Structures are given as structure tokens and as C-alpha cells.
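Chains: A, B, C, D, E, F and G, in written order; residue numbering restarts at 1 for each.
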Amino acid sequence: MGTRIVERHGNTFKEKIYLPAIFSGMKSTLKHFTDNLSDASNIPTLCYPEQKPTDITPRYRGVHRLTHRKEDDSIACVACFMCATACPAKCIEIVAAEREDGVDEKMPKVFNIDLLECVFCGYCVEACPCDAIRMDSGIYSVIGDKREDFIYNKAKLLSIKGISKEEYSLAK
Amino acid sequence: MQTKIVSKNFDIPHAEMLEVALQNGRYGSLEKLSTLKPQELIDLIKQSGLRGKGGGGAPAGVKWQLASDFEGTKYLVVNADESEPGTFKDRQILAKDPHLLIEGIICTCQAIGANISYIYVRGEYEEFSAILQRAIDEAYEKNILGIGSTYKVDITVHRGAGAYICGEKSALLESLEGNRGHPRLKPHSPEPEFYFGEPTLVNNVETIASVPFIVQNGAEAYRAYGTKESPGTLLFAMSGHVENPGVYEAEFGLGMWEYIQKLGGGVKKGKKLKAVIPGGASTPILPAHLVYEAKLDYESLRDLGSALGTGGMIVMDEDVSMVKALKNLLRFYRHESCGQCTPCREGTSWVDKTLDKFIAKTATHEDLEILKSVSRSMNGKTICVFAPAASSVIDGFLKHFESEFLECIV
Amino acid sequence: MNTVLILLPLVLTILYSLATVPILVWMERRIAGLIQDRLGPNRCHIKGVRLGGIIQSIADMMKLVFKEEFLPSHIKNKFYYLVAPSIAFMSAFLTFMVIPYADTITLGEQTYSMQALPTDLGVLWFLAFAGLGVYGIILGGWASHNKYAILGAMRATAQVIGYEVAMGLSLVSMLITYGTISLNEMVSYQTQSFFIIPAWGIFIQPIATIIFIVTAFAETNRTPFDAAEGESEIVAGYHTEYGAMKFGLFFVAEYIAMAASGALIVTLFLGGYQLPYLNTADLVNNFELLLWGIIIFALVTSVLFLKWMQKHNIFAMSGINETKLYTTLIIGFTVFAVILMSYYALANSSQSAKEIGVMLLQFAIFTVKLFFLHFVFIWVRWTLPRFRYDQTQKLGWNILLPLSLVNIFITAVVVVAGVNYGN
Amino acid sequence: MQNEILFFILSLITIVSSLVMISAHRPIDSALSFIVTLVSIAALFGLLNASFLFVVQIIIYAGAILSLILFIIMFLNIKDENLPDEKYKNYWLLGTSLIIAPFSAILVDLILRSNIAVNAAVHENFGTIKDVGLTLFSEWVLPFELVSILLLVALVGAVTLSKKEV
Amino acid sequence: MLKAYMILSVVLFSIGVVGLISRRNIIVIYMSIELLLNAVNLSLIAISADLADASAQVISLIIIAIAASEAALFMALFVVLFRNRSSLDANLFTMLGSEK
Amino acid sequence: MSFAFTQENTIRMASLLNRYAQKKALSLPLLWLAQKQEGYISEEAMQYISEFLELPYMHIYGVATFYTMFRLQKGDKPIIEVCRTLSCELAGSEEIKKYLKENYSERYEIVEVECMGACSGAPMCTLDGKYFENITPEILDEVLNAD
Amino acid sequence: MKIIVDNNPIECQEGALLIDVLLDNNIKIPHFCYHQDLGADGNCRMCMVEIKGQKRPQVACDTFVCEGLEVSTNSASINEVKRSILELELLNHPVDCPICDQAGECKLQDYYMDFGLYESHLSTPKTKKSKHIDLGSNVMLDQERCVLCARCTRFTTDITKTGELGIIGRGDQARVAIAPGHPLNNPYAMNVVELCPVGALTSKDFRFQQRVWFLDSAKSICHGCSRGCNIIIDYNETKYTSEKIHRFRARRNNAINHSFLCDYGRLSYKELNEKIIAAPCNMETLKELLQAEKKVALASPSLSLEQLQSIQEFCKNYKIELFSLPYIDESFGDDWLKTNDKSANFAGVKELGISTCQDDFNSSFENAEIVLNFDHALLKQQVFKDKTLVHFTATPCEGEFVFAIANFAHENGTLINCEGVRQEFFGTKYKSDAPRLRELLEELR
């Protein structure tokens, strides 16, 4: 990446009076306006509730989900609190407990995400050392009529599936 | 070719029997001993230039002086825990001439002023410690040892139980105290070892066994053998691909190749020599071209980047895979590390595991780097010299035979 | 009858200014959408009728009106807090009152001015009440007890005070040119023409026009001079703490102020309600010819519009078939209008009818010009970025003020020279 | 009759709001009530056919001066602790009123007794810009120019005063 | 009607005087002064209307202009004084007077 | 199940007691005695030794696990130890080990050990502590089938 | 005497251990096996320093300072040494920090961030050892996480002399363990958790309760007995949970408890978390009650000097006889940290001259109508028919007049221990629900 020296603008009189620049900008916007007015078919707007977006990728940060282990479909989370630590909104509540089935030592007894407080920054996914929390559910709208509806608990988070096919097996 | 000082009686049948031993001049030095004061004895040893024959090659007289000067009940501990692969000379003394050892112990005890002596025999030498025990019992009966004797020396045979590290003197003393054989931290100033807090002299069997000759014949007689820096003889052991493996006593300063040719009968089946490990498994390997130059003394081998160690040579012919050889040695080191300090505990096992990849020919260049870097990490950062020894072995193999390791890299 | 005719302009003005707001909001959204390659709001509907998205504006208005009124608890000066939006609204509303949207008509003996407030003060009235509008902002910002609000209010105040000077001075040069302060007289002045160029303010006083338009943008707090509500820095400026209809009043006031400014610009610089070259008397005298012209124009326009509508009205909603409905309506309305106008064109109508007909035509012309101005306002908004606050002040005091002074000087010299040495 | 009622209402508003103005504790209350006073005085001007003065009053007083005052009040961010501690404000007001009252009473009495009303017929253009302008630029040119100099001086003075270094 | 306007003017003037004397807040003092000017203006306009003479209006126009210049100066003064004393108390501004 | 030394061993224990400066030093000799007596070192034996030496049980346990020659599990088969270190490997201990595993793993427990100090007689193995050097499959057959 | 560390002269005592000097001067020196109260063992090899004149790096825990010693602790070469040793320490460490309670206060983590920061080279399988072993006494062992620093075994052999823990096996199979059938069961066992520099030994009591980086600390003193062991109270309050004390840790004080704490004291934090449900009590009623003739007050000997002083003043004002009786438990004490007197400040009671005579108290108590109980355990569970008991209590208590007061975790104050050492303690940063005793008494004046 080389360095490009850009000359400072506003030196000539034409530039100093701004009006030519303003008018050329206005010309540009007007062209868009008239083009779109005479033929609206090129506008890529989606009619949302009827037409759903089809290009949501796993990188899209939707509602969180908790993944399952490949071996036995049990919860992958070990309640390390990394997500809760990284969370800038402090919207994750975890209560850890001893894991009795011998797969691991620790698991969350309670794992709640308050989606009303969540800012969907994705830090929890970055922080997770076990790939136990993901935001690849593709769910971009969360609906509820009570505050409690937005607090997703462990069971709910485990039940959400990922959108990409290869990870489908992880989500049951 | 052989110079028999210590091994004089080895060929005599039943030399372990007191009668036979007495006939063959054992305990002859005890008369001379009565004429010498302890300090004179130590000076004598100093003059003779006797060096510790357990591998380090430190002047014995200095150690004696230290133990002698320190206040307290003194102990003599004889290190018969020879576990070095390729080394089996002490076993010859124990089995074939135990009375030489007892005689040496009496002399040494006299010199440092000790009455109690322990012989720490490695656990595997069950047979030989039994022979030794019998000899000691005989000596007690004949009042050579014990309260009734002139020098009132008590000897106890203490059996180890299979730990190479107990050959290290501080670990040996720990073991003798009834603990796990963990080496102790090194002292900051010259001082003797301590057994239950009392000053203790720890010497190798062969060192002690050399003492009667010096006492009997004087320092100059001993100095007549060997080189200036390394006077006397050493029981050189030979194993591996030689026609006649065994223990042969020889003067210091003999040519190594000459020695192998003449006493060992050359490389087995007339094959070409590839390398020799000169002094037990903990010394860096010497490739053939260096073997032809090497002389059997401490200084010469040090200059060649190896060490004389205990003088137990392992000869390898042209068919030997050096990777396998190193793996074998590192397996030994991993197995025998006491696990006290980190570099040794983790380093040996890591190298051993990495060498598995070389054996399986799945190694990468990174693995070779690991060998080198771990060897660096182990060197000079541990309590005892076990890890540095392992490190020098790895370095030796990698220095001279790196091409063979490179061949194992995918 | 008399009272009705006097009150008619008033009522019309109120309706006019209020009815423009939802349309302006709709225009703002749709034009913004089209400029940015989007569609803009087009889904809100009543039984499938969307009117191109205007229903959305109506829905928003309904929402603002019916939303729960609440007072943030931290507000101490409840009276000022509540009175601020109404001040803003009222002053914006009052400025609109003096705009003439048609020539004075004479029905029988009586003449009727087509202004809500038939005053000769004209421009001065506008200045006076445009200046009062700032109190709404000051009070709103101050009473909100919120640092963003007060910052916005201070910015707005400083801006309005600063630009009012330049605006007044640019008006002075127009007054010198027109030789009157009455808006009606100004409009009639602009029916003249020099050679083929109509004597519109924009052609005879371009500098004053630019200054006025710029200051009008600033006075109404429109982009690029909307630092007062710069949402990237100070949330929403002075109305941060307002909600529901209190906010609605501010919102409406802003659009009415914009409409008033636009109307004044039309009146001062774009020939007002007049067509170029044609004064009212000409129009009244050639009324039939005019009607035929309009009939042809109406037919052409409706056919073009119909085609365009049918091409673009593609997202079908449940309920009524919209395209069909619109087609029917457009055809029906055109046919009705054409028949009506043909009747008047064929029948020899009375003088009063002609006067009223011309009045309606002028009203339509005024509306078209005004909406063009609105389009410019919106167009500028979605083109230019916001000025930084110091740039705004610098522009106002360092450039526009001296420029307008110079303009006055030149104008005065030219006018005096014209009076003394011309002819 | 219409005019009398309007006058009565407007004078009531004027007096009440000016009383609020002098008695309010916070300057913002004073300023806002003063706006009401000014606007109603402007309305009185309108009632007196002085339409130009009506507009000028609103533009200059209400539009410029008072908004400047409000701006200053906000700009200085005056808090309660910055206000003078006027514990006996109401006593002061009462006392001063008692002192001023006789003079006012005398004046009012004089006005009532005198016979000053002329009730000249007001011509059509009275109070319009043209009328005032013609008077101003014919009879009062000199004061007009003096005032313009005064304004200039005030402008320079204001700028000098508010420089930080003072 | 003239008398009524005059009386109103007197009342406003008195109120202005009371405010001017009894208050210590300089902003209120300033506004009282403005009230005095307005009271005078009112009487002038009333007289002018009564006499049908525009001269009085011109005088009040000039008064308004003076008031405006006064306003500019006062604002500048407020800013300076408040910056230095962070108070609006007129009693504190005695830099030219004797030390308290 | 408690542990006690046999008469003979108790006497040896007593005589050993005189030979060391502190009781603690006896832990190795006593463990040897216990192993001799039972063929392995039982928990009870360690308990007995720790009580006798007044040391924590853990100390004895730690010592017993440090040394490879102590067996903490009871074995039912005689043990053949085959040296696998360098000299013996060079001489072909691998084949010996393979041969033993194939033919004698039922009768004997075959253990690989590190250097036994009989490098001149490589390859070698031990049976019950007795050294057999320079062994070949034939020698092995001979020795192991002797009884 | 002066030595030079990283080109800075440092004052120190002749013959001191170099690592002590470095630690006392807050110079970063990584170490696992060295502990100021356990001494050097020299097995971790982490505290390597470069000493001028020595060609090899030396361990600071086995170097004694002498005049003119020049030490370098952070040169590039020594950092490389530390890095390589750390790499070996971490080699077979299961990086299960997510489930390890030590994460956040783990020395391996700290040193990795300080000196390591390398990519792992390990391409061979890690050595497996046992995990999840219950050692007894609330201690859990994970052998894979162990760095074999032997602090725990040295604690049990050298300090408590019980020797439950030891190292078994050797080489890379060496590991800390208990002998089968001999669990850890001494009354100081939980110290090994705190001693463990890594997560090998964790407390079953604290296990998985909270991540340590969420915890706040307060410097306090254990109120369990009159020894006055210095402790750190670890507590926190989160968005979703109210304030909770999670554990006590020992605070190093060479004069009293070194770095150790008995299990009884360590677990005594639990009663501080108990909520006191007290019926709302009216101050006015209490003031009326205090008008009675015969009143006696009993103050807990565990209250701080400041609290006792204000009680004394209060009693003087209202003419109340004030007593304080010690909590003696003959079976509790031992020859090390525990004492028979389980009251934290009995020496302070004596110093203030508060009557401690049992007989006098008994006779006064017999006659009294009103008995004020300032958090003394003796009267809490008893009911007297003819007397009115007023409790000021920091623990749950039943009765008609119960005033909840803040417990010592929320108080600042001074205690005098059994050896006459005056020590200050500080409370948590959150205010307790209950008012402080002194505030309450202030209100009653």
C-alpha cells in the first residue's frame, strides 16, 4: 500500500465559491431521481414481509444459539463465563454447575441471554473458546409481547438451529 | 595391552572368597596404612592425581579433603549404582574382587576419619550384592571390619531399587536417607555432601578400589601410568558391535580405535565402524572419523566435543540407524528422569515423543527444530546434570548425523 | 356572503398549510428513496389503496396525534416545555398567512385579497414572525433540561439570529427593486418582461435570490443548515425530549416554515401565482382560449400519468385492485374535468366566473411552483451534507452579510440611476 | 367598542406581564414575560394604526433583542447559585412601589385633569411605511444619521467588550 | 382614548422604575430600562395617533434603534461581567467604586 | 488383613535398625524385605512400614512408586525382564522380546526394562533376579524349559 | 547492603534470598515452587535470572545476595530462557482454562502473558493423567493441570506435618496424589488450594461459583477466633445477583498467620451471606423501653474496638450495665493458628475495661428488666419470660425486638488479637442492607 498524496481542494476560485460543486452534486442526485422515477424496475428494494431475504450467511449476526457437541449432542458450553465477560451490554447471565455425566466437568445450569439488552456485537462468539455460542441462526427479528419473551434461556438457545447446512448436524 | 591395577584379580577364580583374596595380596595395604596419618593419606591421593571414576573425573583428593575438614560424624558412601547404559565395570569389582573394594573403603575411611560406610548397590545387581554381602560378612568374621578390627569400619550394603538418577550423588544420598531419589540443590561453596546433615564422602566403586594400590605403592607408582592430567588406569567397558565385548583395564591416553581394534577385536563381522558412544549413554556420540583421532582420556575427548564419562564404549557399525539409537537413549532418559524439575521432566518426554514421529517418518522440519530447542531448554537449567546429559546426547546425534534425521522428514 | 368570502382565504390558507405537511412528508420520503435508489414508503394502505405511499404519512400523523402524551419527570418548567412547540407552530403558521396565492379578485363591487391576512406589511410580517419562531426552539431546548437539547437550541438561535440579518438585507434589495413591500404588487411587477425574459426576481436579482434561498434554508433549519438537530452529535437537538403531538407540532412547524419560505421565494423570485408574460387581465380576457389550452394539457398529462402509473404500480396488495381503481379514477376525473371545462369554454360565462376561474388557475400555478420549490428543498437535503456549526456561522456573517450589503449598494445605484437618467 | 375591549385586554396583559417581569426570580421568567409585554405593546401600536411600528417592535424587540437576551441566558448557563441572593426582594418591590406610587398618582391625576386629546382625523396612509419613511427622511434625517453612527459605535463597543482579554 | 394610553404608559413607566430600583439582577434591571423606553414609546405613538402626525413615530423608531444598540452593549457587558464574577448581582460590580 | 514380617525378617529389620543413623533410612530396605516376603508390596505392608518408621503413609507410598523395581500389584506369574537399552538393542533384544512374547507370555510376565548393566552380554534378560546373558532363542528354550 | 537489579540499586539485607529481595521490591520474577512461607524447592526453574560473572542463568530462589551482585531479570536472553521453561511447564498442561476455577489468578496464564505468547509447537499427544480427584477436605485435584511445584506436598509435610499429599511416580508420570485410602483430612487442608499456583487443586466449596475476575477484594480479619488471621474477602455483586461473599483468602502477615488460614475460618464466610429477616422495629419503642430502671447489656467480644467504644458510650448515656463474655471452646484450639477463645476481640474488650465477669453478669441479668444483646451468641437462641430482650444482631435471630446490623464484612474497624496485636480491617465496597451498629446507636442518642 503506497502513499498517495491528495492535493488539498478549495484552491481555485471555482472551488472556493462551492456553487459549481453543489450544482454538480445536485445534478448527480437528480439523475438518480429521474432515472428511478421513469423506470423503477432497477431498484433492488425487497418487499419485506412477503419477500424474505435469501442471502443471509452464517456470518450474519442473528439471534444467538448454543451449539451441541459432535460426539453426543450434549451442550457444548462449559460455562467459562468468557461471553459474559466480553459482553459489553452485560446481557448474559450464567450460573455454572458441576456436570454429572462425565463428558466434561462444568456446564451451565442457567444460561440466559436478554435480547433486549443485547447489542448484537458478536463479542460473545469471538470470546467463546468452545465454539459453544454462535449467532448464525439467521434470525433477524425477535418477536415477543412481554419482556420475559426476550430472555432466551438455555433450552431455547439450544433449540435454535444454525442456517448453514454443514452445521445443521450440530443443532438438534 | 591391558594394564591390570584394579582388575588384577579378575581372572583369578573365586577371588571373592576371603582366603583366595588374601592369597592374592588383598588387604596388603592395611599395614602401610597404619604408618600413615589421615592427612598424609589425603596428600598421597592428591599427589597420585587419582580422579573420580564415576564419570565426572574430578580429583578425588580434593573431595576427600573437603569431607575430612568438615566437622561432624563422617560417612563414606560408595556409589555402586552404576546404571549408565554401556557401563558395567563396577559390577566386575563387586562380583570378582569385592575385597579390593572393602580394602579401599577401609583406607578411605581412615583418610577422612569415618567409621561408617555404605555401599549403595543398584537394585538390579541382586546377585552381585549378595556376593559383596558375603565378602563383607567374611571380613567381619575375620575382624577386618567391625568393632573388633583395627580400623573399626562398618560397611552396610544398601540396595537401590531401580532408579538411574540415584547414581547422582545427592540423589543417592536422598535415596539412602529413605526418600525419593530427587537430586538436591547444588551448594554455593565447596563443601562435602551431607548424609542426615553429616559430612559425607561419596565415591565411585572404582575410585575406592584404586586406593589400595596407591596406598601400597605410593603416588609415583600410580602416576607412572596414564597421562599427566589423567594418571592411572580406567576399567574401559566395551559393548555393542565389537567382537569381544567386555571390560578391559587400560591406561589413560590410549588411542580409542587402537583399543577397540586390539582389545575388542574390532567391529563385529568385519563391518565398517559408524560411531562410538565413548563413555556411557550420557556422553555425546563420536562418528567414525573422530574415533580414529580420539584418545582415551578426559581432555582429549572433551576437545572432540564429547566426554570420557565412565569409559563404557558402545560401538555401532554401519547398519545402525542413528534415529533409532537416539530414540532408544531418549526412551531411557524419559524413563529414568526423576520428574523433579520441569525442563528434564517435560523435555525428555517431549523429545522422546517427537522422536517417535521420526521413527514413523512423519516428522517435519518443525520437529527437528523442537529437538534442538528442547535440547537447548534442558541444558544448564536444572538441578542435576541429568538433563544436560540428555541434551548433550541429542546435540551430539544432531551434530554428526543430522542427515539421517532429515531423511525421516516428510 | 361577505364574511364567508373574507374568511375563505383564511380557512383555505389554514387547510392549505396543514394539508401540505403530510404531502411534504411523503415527498420527502419518496424523493429521498428515489435519489438513494430505494422505493420509499409504499406499503401502508387502506383496503389496498396506498395513494403511492401518502397513507403512510397520514398514518404517521395519526400516530403522533393519538400517542400518549407524557412529561419526562426531570422537567421542571412544565409550562415552558409545553408552550414551546405551540410557539414554534404558531409563528410558522402566522408567516404563511400573508402569502397571496392568487390575484385580488373583484366580484361585483367588492375586491377580495387572496391572502389570509390582507395586510400591506407583506415581507415585514414574514420577517417578524419568522424571527418569533426561534422562541419555540429556545424554550423547547431550555425547558427540556437536557444538554443535547440546549446545545441544539443554542445552535438554532445563533443561526437564526445570524441569518435573519442577511435575509432582511437581501429582501431590502428586492424592496428597492420592486419599490414596494406589498407582496401583491411585487407579483404584478413580475408579470413584466425584459425582451423575452420574464421580470422574475430570480432573473433581475440573482444574488439576492441565492442569498435569500440560502438564508431561507438556514431559517427553517433545513439541511445543509440543520446542525441544530444534528442527530450524529446531539441526538435530535432541541426536540430530543419531546414526544407524541408535542413533537408533532415541532415537526409540522418545520414543514410549515418550509412551505412558507418556499411560498415567499415563489412570490418574490419566481413570479408568484402568475404565468410568465401573462398578467391577470390578459388571462381574464382570453379565458376561453386558456381553457382549451388547459383541456389539451390535461388530456396529455393524464394519459402520460396513466401509463406511468400502470407501469409502476406492480406490487399488488390484498383488497381492491389498485391499478384498476386508479385507472378508473384518472380517466373519470379527466373526462369530468374536460367536460366541465369544455362547457365553460363553449358557454359565454360571466365576468365573475372568469375571475374565479382565473383565480383557480393562479392558485394551481402557485401550487405547482411551490411544490417545485419543495422539491428543490428536498433535493438539496438529500444531496448536500450538513455544514459544521462554525462553517454555518462563517457563511452567514462573513459571506452572505457583506454580499447582501454590496448587493443593496449596487441595486440602489442602479435604481437611482435608472430613475434619474433612464428614459 | 371593539378597540376599547382590545385595549383593555392588552393593557391588562401588559401590566401583569411587566409586573411578573420585575418580580420573577429567574431571569428566564423575566425575559419570557417581557416578551409578552413587548408583543402586547406591539399590538397596542397596531391598535393605534402604527402598523410599521408594530412590525418594527416585533422584529427588533421581540425578534432580536429578547431572543438575544434568552440566548445570553442560555449561553451563560446561569444556575441558581449564580443569581443574586435577593432575600428581601419582595419588601424592596413593595417599598419602592410605595415610594413611586404618589408620583404616579400625581401624573395620572394630571393626565386625567388635563385636556390634551386632540382627536385629529387619521388619514388613510397614517402609520404605513411610506408615511413614516417620508417623515423620517425629510424632517428627521440628521437624527437618523446620528442614530446610525450610534449603532456603529454600539457595535464596535459590544465587540470590544466581549473580547476575552478584558 | 389618549388618556387611557397615557395612564397605561405611566403605569408601565412606574413599574419599570420600581423594577429598576428594587432589583439587583442586572438582566432584570436591563429589561426594566427597556420597559421604561417602551412606556415612553407607547405614549409617543398614542400622541402621534391622536395628532395624526408621523413625527412621533419617527422618534419612537429612533428610540427603538437606540434600544437595540443599548441591547448590544448590555449583552456584551453581561457576558464579560458574568465571566469575571460568575454572578448576576449588580451589587458585586463595584470595580470602580470603593472596595467593600 | 494386617501385615507382619516373618520372624527371620523381623530380626533382619532389627539388625538394620542399628546400621542407619535414622529410622527413616530404613524405608528402602524394609520395602525390599516386604517385597521379598510377599512377592509384592501390599498396602498393608506399606502401612506397617510407615507406622514402624513413624513416617506418613504417603511418604512410603511415594518412595515405593518412585523406584521401578518395587511392585505394588500382586503378580501371579514369574517375571522375565528383557533389557531394551542401546547395547542390547544393537545386539538384537527386539527379536528376543518378540520370541518371548510369542512363546512364553502365558507362563511368564514379560517386562521390558532399561539397562541392567550387562552390556557385554547383550542381549540379556533376567528371571527372578538371575542374569542370563548372550541369549538366543535356543538358550532361552533351554533355560525356561529346564524345570 | 546494596545489589544491582536491572541497573537499579536495591537495598537489601545481607544473606537474604535473591527471590525474596526481588519480590519485596515488586520486581516481576516468575516462580511456581518458591513460596515465601514454604521456602525454596528449586524444581520449577522459572525464577531464572542472569547474574553478572556467571555464565549460566541461575535460579533466584537458590541464590543468596552478596555485596556487588548484579542481576538482570528481563534481558532478552533471560526472557528467552523463561519462555522456554514456561513452554515446558505448559507443554502437557490441558488448556482447559474455560472450566478451570484458577483462570484469572493462574500463574501459568500470567506468565504466559508476560513471557510466553508463543504458538504451541506440540505435535505429539499430551501426557494423560487423572482428573477430577476428590482429595477430601473440600479439595479437588486435577493432575494434568499440575506443574509439580510441590508446594502442596511441602505444606502437608513441613507445615502441618501430616503428609497426606505426596508425589508419586517419576519422570513425566510424576504426579501429586494422596495415597489410596488416606484422604486429605487436616484442619488446614484448604490452604493447599490457595498455595497451588495453577488450577490443579481447587476448592470444592468455591468450585464453579464465580470467575475470579468478577470478584472484588476487601482486606479484613478473620473473626473465627482470637488469632486474628489476616484475610481477604472476595465478594461481588452482578447485574443479576445481589452481593455475595464467595470466599476468604489468607492475607500474608508474617507476624500472625503467614499465608495460611484454618479451614474453619476459611469457611466461616458462609454465615456472612445469611440474610437476617428481622421484624421492622421502631426506634421510638426502643427508646421507651430504655426508660426502664434495670437494664443490662451484653456485647459480643467479636465486635470491633470502635463498635465496643460506641456501645460503651451508649450504655453510659442510658446507665446500662455493660458486660462482655468470651466464647470459649476448649476443643477448638490447637498449637498453631486456632485458639480456644473464639471471640475475635476479647483483648480489646479488656482494654476498654468492659466487665467480663460471668458471676456479675449472672446476678445483673437476674435482676434486669431489659436486656440489650449486642450480637452476643449466648442470648440469641434463648427466651426469657420475665425479661425483654433487645437484639442487635448480624446473624439470624428470633425475638420480639430484633435490630439487624451489618456484619463485619461491611464494617471497618480495629481488632486486638490474643497476642495483643492491633489490626485494622476494612469492609466491602457495597453497603449492607442492615445499618451499621454505630449508625444505629447514633440514632438512639
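Following the convention adopted for this analysis, a residue touches a chain if its C-beta (ideal position, glycine included) is under 8 Å from a C-beta of that chain, and two chains touch if they have at least 3 such contacts.
Please read all numbers here as calculations on a predicted model, not as lab measurements.
Novice: Determine the set of chains touching chain C that also touch chain D.
Specialist: Under the touch definition, chain C and chain D have no mutual neighbours whatsoever.
Novice: Counting hops between chains that touch, how far apart are chain E and chain G?
Specialist: The distance in steps between these two chains is 4.
Novice: Taking every chain's C-alpha mean, which one sits closest to the mean of all protein C-alpha atoms?
Specialist: Centroid comparison flags A as closest.
Novice: By the contact definition above, name the pair with the higher C-beta contact count: F-G or D-E.
Specialist: D-E
Novice: When the C-alpha atoms of chain B and chain E are each averaged to a single point, how far apart are the two points in Å?
Specialist: Between these chains, centre-to-centre, one finds 116 Å.
Novice: For chain C and chain F, let me know how many angstrom lie between their CA-based centres, rounded off.
Specialist: The answer is 108 Å.
Novice: Roughly how far is chain A from chain E, centre to centre by C-alpha average, rounded to an integer in Å?
Specialist: 63
Novice: What is the distance, in whole Å, between the centres of chain C and chain G, each centre taken as the mean of its C-alpha atoms?
Specialist: 77
Novice: Among all residues of chain D, which ones touch two or more of the remaining chains?
Specialist: Correct list: 52, 64, 68, 75.
Novice: Listing for chain G: what residues touch at least two other chains?
Specialist: Each of 167, 169-170 in chain G touches at least two other chains.
Novice: Which two-chain combinations touch?
Specialist: A-C, A-G, B-F, B-G, C-D, D-E, F-G
Novice: Using the touch rule from the top, collect the residues of chain A that touch chain C in their complex.
Specialist: For chain A paired with chain C, touching residues are 19, 22, 25-26, 28-30, 32-33, 36-38, 40, 42-45, 47.
Novice: Can you list the chain D residues touching chain E in their complex?
Specialist: Within the complex, chain D touches chain E at residues 3-4, 7, 11, 14-15, 18-19, 21-24, 27, 30-31, 34, 37-38, 41, 44-45, 48-50, 52-53, 56-57, 60-61, 64-65, 68-69, 72-73, 75-76, 78, 82-86, 89, 92-93, 95-97, 100-101, 103-104, 107-108, 111-112, 116-123, 126-127, 131-132, 134-136, 139-140, 143-144, 147, 150-151, 153-155, 157-162, 166.
Novice: For the complex, give me every residue of chain C touching chain A.
Specialist: Spelled out, the residues of chain C in touch with chain A are 31, 34-39, 43, 210, 308, 312, 315, 379-380, 382-384.
Novice: For chain G, which residues count as touching chain A in their complex?
Specialist: So the residues of chain G touching chain A come out as 96-99, 103, 131-132, 207-209, 211, 213-214, 238-240.
Novice: In their complex, what parts of chain E are in touch with chain D?
Specialist: These residues of chain E touch chain D: 1-8, 10-19, 21-25, 27-28, 30-32, 34-35, 38, 41-42, 45-46, 48-55, 57-62, 64-73, 75-80, 82, 86-92.
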